[in-house]
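Below is one structure, written out as structure tokens; comments come after it.
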Amino acid sequence: MKKLLKLIWRYFKFNLSAQMEYRANFLIQTVGMIINDVFLLFFWWILFGKVGVINDYGMDDMLLVYAVVTISFGISQVFFGNLFNMTQIIINGELDSYLLLPQEPLSHLLVSRISLGALGDLVFGLALFFFTSYASVFNFFLLIIVSILASFVFTGFNIIFQSLTFYIGNATSLASVIPDSILTFSLNPHTLFTGVVRIILFTIIPSMYFSFMPVSIIKHFDGLSMLYLAGAAVLFMVVGVVVFKSGLKKYESGNLIVKRM
Amino acid sequence: MAMKSLKKYLTIFQITFVNDLMYTRNFIGQFMFFGLFLFVYSFLWRAVFKDGQIEGFSFVKMMWYFMFTESIMLAKFVFHREMAQDIKTGDIAYHLNKPYSYMLFMYAKYMSSSLVRMFMNLLFGSVILFVTLHEAPITPVNLILGVFSSITGLTINFTFYFLIGMSAFWFEENTAFHFIYSKFLFTVGGLFIPIQFFPDWLKQLSDKLPFMYILNAPAKVYIEGVDEFIRVFPLQLLHVCIWGGLIGMLFIVGTKKLAINGG
Amino acid sequence: MEKVVEVSDLAKSFKTKVKKAGLKESFKSLIHPVYKDVKAVQDISFSVEKGEILAFIGPNGAGKSTTIKMMTGILYPSHGTVNVLGLIPWKSRKKLSYKIGSVFGQKSQMWFHLPPEDSFHLMADIYELDRIDYRNKLTELVRRFQLESFMHQPVRKLSLGQRIRCEIAVSLIHSPEILFLDEPTIGLDVVVKNQIRDLIKDLNQRNQLTVFLTSHDVGDVEKLCRRVIVIDHGKLILHSTVNELKHAYLQTKILSLKLEDVYTPKIQGVTILKQKGTGLKLEVDTTQCSLQQIIDDIIKNTSIVDMMISETPMEEIIETIYNGS
């Protein structure tokens, strides 16, 4: 564990210095993401300007949602930057290089890259939080904790789908639907979703854990919900690791339905 | 004589069209994305319109509006990188030596790819909305006029894409320009929200900018029909002429620069 | 001599889906998939002694990488045993990884935009090396591989030769007992190739480093290895010393000639591969007929307009070996 943390730090430094080699690109990526996120808010600014409140959600609430989501997403992408590349890594044999090294392959491949845009997301989210009416010292600590938990929900869940590549070959299109879905649902007032959809959002598209639960914990702190969220984070990570490991066993048997050189 | 020279562009158009139709598998990813958006935003708009109409829009009209703007937005063929490559490597010289206009050549390619995608999007989107909403506020006339308006909108978009590609004559990277342009479409283009919802000052500003004539205008034509068409189509054509002309002239300046510097 | 690798009756089969082109076939395949058994490796046995440099060669698709993957623990076999440094690779992969190093010609272990130095530091963390040991080892490697002049330059700015030197050095930072080298001299010019070969030889002699070498370059095999194993279609088809191989096959030269007139030489040890008009391609077994002899013979009968001498390509040697001729 200590070694993993050491490696994370090492890779973080590396990625940063490697990508800062191209300073202009670095700035464009991070600042660009911040600008991108700001523009997403435009939609809500106009809409709330016209209708005031939608299902008990106002502009202030949406800002909080955006803060939480961008920070959680940012954490996941910064520390586990190779998350969305897993499919490619498995298919093109890059996984082998990780297997030959004395470090647990899943954690190693995930942390060996950071996403620059994600740094922008982090900055944006943190700054945005202070524009909401929920900004306070206590809430800030809550924010950090719930965002970390939510990022593990996100990471674990994506690991599951990226690992499907071991079973069905190139799962890129399927795997990319997942983060898109989670994010799209998450960046909306959760009060919109009822019935069957709500159940879906607690299971196969875990937006409830990714944004709604963290947001409600900040709005009214509730120890039980916090436990629930932590439980979900652990659950999704464990399932993700299990799916990966069993997929890896299949990989080691060589019987992948995949073209290998 | 003019027909003969136009014929080559038609051929390019045809070839690209058929070629793109072959790659229907790529559409699946796009459709999933499109379908996801329609699904999620239906919840939002249902809640927004539960108390009645706003600015002449109802829930159903809003969903169709959104479908129409996305049908164009997701269709447009992005070529600024390819064009920048052509300019940077000097390959563009091969095109300039040939007896055709590079701009029209790119236009033909662009339009064929974009139209294939647009029709696919319209088909897919219409089916989904009709099945889920059971209502379609469009008539055959509106549909045809809408398509004309969309094609014109795509043309305005083309001029800007061409401009972004052209920036390679003077700038290293053009990703930022494309990014900024997309943001304009996103906001004052009326992608997610109709211009009609904007506060007055923003409404007036958007009217003067070309972006709403790419997305908002065609979508409204589909929904409102002839009256809307008569109102916006001339304005669309105006923008095509203004920007097409300006950017065309700028291109001539750029290619002259290329000729002087040897690429 | 102590054996560091023992491979016994090793075999690996894959099931691949058989599918014909077309939409209809895709549907059929989805509902009722048909599998074909591909025997990538069939009952091979060999061993590697401590401190030797062994060549492991074969044409593409012969099963080389599959075998290496089983030796390093990335794949587990269909049957048979592998023992590397007392460990079963696929069972103790992590443990084994501390003791082996690998350089796979096409894949780089180093970070492209950063100086090699950073990659060394990263490896020190990954292999959990003691700080002082690491520093000493690094100094030693930098000196022996002559990396001082570019240790601080980004890898992308290095020449291929410099990069390969770094790659090999990086793979040794944790003082492995076995080094798996795959195509280490590919793409290098003759001078640099010899540099690398000398380095490998030096490491082998001074540090008792066992090297498992895969290469399509005959020169690598000739200059570095005492023994060679040839694998083709998953089977071990030759297991001999380099000297024997040289004697039997590498003494064959290919002569491509354009002559003044049409001429067909008839000399013991000279085989006509191709003849079209005045164009002639010969295979010369130099143990039976020296190049001098055949050229003299040709000149006596006609003039040579153009000539090219080449060695029998490795693929051909192997094919010949496989065909038993």
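Residue numbering begins at 1 within each chain, and the chains themselves are lettered A, B and C in the order written.
Convention: a contact is a pair of C-beta atoms (placed from the backbone, for glycine too) under 8 Å apart; a residue touches a chain by one contact, two chains touch by 3 or more.
The model shown is predicted, which means the values in this text are computed figures rather than measured ones.
Enquirer: Taking CA centroids for every chain, report which one is farthest away from chain A.
Expert: C
Enquirer: Centre of all protein Cα atoms: which chain's centre is nearest to it?
Expert: A
Enquirer: How far is the middle of chain B from the middle of chain C, if each middle is the mean of its Cα atoms, in Å?
Expert: A distance of 54 Å separates the two centres.
Enquirer: Quick one: report the Å distance separating chain A from chain C, using the average Cα coordinate of each chain.
Expert: Each chain's C-alpha centroid was found; their separation is 43 Å.
Enquirer: I'd like the Å distance between the centres of chain A and chain B, where a centre is the mean of that chain's Cα atoms.
Expert: 31
Enquirer: Which parts of chain A, given as residue numbers and ranges, touch two or more other chains?
Expert: Answer for chain A, listing residues that touch two or more other chains: there are none.
Enquirer: Per the contact definition, I'd like the list of chain A residues that touch chain C in the complex.
Expert: Going by the criterion above, the answer is residues 3, 6-7, 10-11, 14, 17-19, 21, 94, 96-97, 99-103, 252-255, 257, 261.
Enquirer: Which bits of chain A are touching chain B when the two form their complex?
Expert: Residues 24-25, 28, 32, 35-36, 39, 42-43, 46-47, 49-51, 54-55, 173, 176-177, 180-181, 184-185, 188-189, 191-193, 197.
Enquirer: Across the complex, what residues on chain C touch chain A?
Expert: 12, 14-15, 17, 40, 65-66, 69, 72-76, 90, 93-95, 97-98, 100, 102, 104, 107, 109, 111-114, 118, 121-122, 125-128, 154
Enquirer: Give every residue of chain B touching chain A within the complex, in rising order.
Expert: 28-29, 32-33, 36-37, 40, 43-44, 46-48, 54-55, 173, 175-176, 179, 183, 186-187, 192-193, 197-199, 202
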